[in-house]
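Residue numbering begins at 1 within each chain, and the chains themselves are lettered A, B and C in the order written.
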């Protein structure tokens, strides 16, 4: 059973801001779904390998050669805010918020 | 103050940018240093909707070579995984990296002291874009030219025990990567990035904290940062506390580390296998051929020679010269009992090795040793002088003290300044004394 | 041709018919395209089909192609889709033309590149009339999750056309285009084809490039299309299929070639998995399916009943793997390089991302995501085993005929259960073709699907063609 606190945690991980109303309606819906998908655990799968892709392919790659790029104008065209060739975002204070 | 024996526990995480022509998952040019912003980009490295990654074969091979050079085991089954987090310079909201099946695992680097620094893993991933703060500090600017450039991550076990060891390790790693020709490994340009995980143990056990020091771009500074941290941790531990688990940067002006962010909560990256890229499967014969193709690496030369009894100082000298390294290893194979002596002679310029085969150098040495020995008539001449000068010993011998002959052999050797052959001398003396 | 006759002209229903009108000079290409544009305008008002139209560009291309035809009549033989009116599910990126994924978040996104499939179709001569409505982000089975309003079923406007490729199916069924593209992740082509009474192909996963198509669930998405008949469907696949260096999962994929060889049904064995039969309680679906099977049996096909025991588990597998991949694929929509910020996601998209985040999160990954990947192996193995015994499987597409707009929209789990017969093909990565086989008493379409092994289109198309012929007779 997902709790409200766990829902908050998931929303944080997924960068989704939820209003109190949204949280209220989401919690039972999500628990319904989780209950439904949880049935899978009844199936014995200890000895089974995972399938992460069905194609059976391996070792696909590209040669180390360059190709044409997008012109800068097209690359930036859809950005909400851009300047002098850069995409612009509100200031990030923690310079290494990422690993 | 108690007299605790503090042990520094230091592990390193190094990122090396590969010098491939194209990016890791697309074919944009991988160059980004001083290139106009957002001009080396395409739908893939911009993370546009609908774009799909296709891995760079050369980057995979380069990573395996780094792993082999560090003594790693190569995983014959490997794959890419998605690592999720949100940041403006990470266009897809996930980084394609490697999680539980990295290309390389379990290697080691031997320091001069003979201490082994274990390599936990070497894996391949894509770099992020670059974020810079606008002067007004109200906005940040993002350039995706660096997005998806191939990045190799090298992680060590926390086996390092001092800033000096860390520096030595990093220098070895740096020269290895450059020797392989897979990366410029230039710290000013950011093609080699250093991170240290530092803790101090009061009792030899692994303490319940570690401090991560990041964004340091020189060996000198990382060593200084490590020293600073170790000094900072000690009083805290002595007071009965543990230093705060966090990330810190190093300020080279104030020569202090500075807290950047609390690393309290472990991040949940929600790794899962990258569905857009089929897995990697290698034949052992392919890995063997890569191993054989490796250029002669400095630490391998040093390790091989020192293992055979060559002095470390000699081995280090030899390893700096690619051609001499090859020659020395051939010498080792041909005449292991003489290799330390011969290398010593070569380094002291007593023997010349250039434009010569190993066999002819050995020959030259051996005949030089023989030609200095006196022949029969010269030895006889010396014997007569010694017999004349030592009548009492001769008399002793003739009375039955046969061991007295050794004294006379010694006298002949002395007079010949070591050039006489002891066996020949003995035989001739015996004849003379009959 | 006069304006009047343009309006009363019977809309050609096949590529062959369309090309015949051109080669026999009964109509020019601009006239034909104008006809389809007129249909599009009328039907759009009735059914809500288009998010973006490109009628002017379409007429321009028609004029250009007509000139080419005038100077080189052979061009129709060189370009299999010469002049054919087409429209794309609005998940397919079209360079310079707005692409929204049916979502408000992307309502002003102008892609700087086109999907490989779009380039291929247009290089084969197709003329695009615009971008078609869908459940936002392809999340849905009825078209009701679109941020641009639901699409209606041409056979009964109170009914849904199925989803998520809702308008793609409705547009072909209502004569607006002869071909439309779609994606099938858990049934999103086969279900709307079934509900709209047309042919819909879910190709083998990796047969057709996904490059340039907004990803829903990367290991399940299959790129397919809708047509009025089997032959046209095969023609389109011969254009869209093949390896694309931009999509690593298409490596080694060979271009599909339709075989002119006649297939004798006596040489064919069809399997009916009982797990797809006993859950069907609706008598019209049941009877239509039984009638279809009889038809095939009478024509000589061997029919075998068999079992795919893990069929029931498939929905749970699907609703773990798919939302997980969705939560990952939607992470790039951060409002920085394109689109609006994440507060613009609609409730279904929010729901799926939260479920996906849950199943991938630390502490739950093994019990949910990893378990689903293991059951996926079981499902795939079952299909592999079955295809060594039969040439293809025949099953209903949906347990019910088309349902009414509003009937399931407030019950996500009920909506998810519409996929019960379709998700298995995506989990196993196999081929599936939906074919119309009849109508309900209310005039709503009924149909079946043929499921073939991976790269089994070469088998299911000829079977479908025979079936189509039998139904026609």
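Descriptive notes on the structure:
Here is the rule we use: contacts are C-beta pairs under 8 Å (C-beta built on N, C-alpha and C of every residue); 3 or more make two chains touch, one makes a residue touch a chain.
Note that this is a predicted model, so its numbers are computed, not measured.
The most central chain, judged by the distance from its Cα centroid to the centroid of all protein Cα atoms shown, is A. Two chain pairs, B-C and A-C, are weighed by contacting C-beta pairs, with A-C ahead.
Averaging Cα atoms per chain gives one point for each, and the point farthest from that of chain A is the centre of B. In terms of their C-alpha centroids, the spacing between chain A and chain B amounts to 39 Å. In this assembly, the C-alpha centroid of chain B lies 57 Å from the C-alpha centroid of chain C. Each chain gets a centre from the mean of its Cα atoms; for chain A and chain C, those two points are 25 Å apart.
In chain B, the positions touching at least two other chains are 43, 46, 54-55, 84, 86, 88, 93, 142, 268, 270, 272, 275, 277-278.
Shared interface positions of chain A, i.e. residues touching 2 or more other chains, are given as 13, 15, 52-53, 55, 57, 60-62, 70, 75, 87, 89.
The set of chain C residues that touch two or more partner chains comprises 109, 112-113, 219, 245, 248-249, 251, 331, 334, 336-338, 357, 361. Remark: chain B residues 43, 46-55, 82, 84, 86, 88, 91-94, 142, 268, 270-272, 275-278 touch chain C in the complex. Considering their complex, residues 93, 99, 101, 106, 109, 111-113, 115, 210-215, 218-219, 245-249, 251, 324-325, 328, 330-334, 336-338, 357, 360-362, 365, 369 of chain C touch chain B.
Residues 20-22, 26-29, 36-43, 46, 54-60, 79, 84-90, 93, 128, 131, 133-134, 137-144, 214-215, 247, 260-261, 267-268, 270, 272-273, 275, 277-281 of chain B are the ones that touch chain A when the two sit in their complex. By the touch criterion stated above, chain A contacts chain B in their complex at residues 13, 15, 52-53, 55, 57-67, 69-72, 75-76, 81, 83-92, 94-99.
Those residues of chain A that touch chain C in the complex are listed here as 2, 7, 10-11, 13-18, 22, 26, 29-30, 32-34, 36-41, 43, 45, 48-55, 57, 60-62, 70, 74-75, 77-80, 87, 89.
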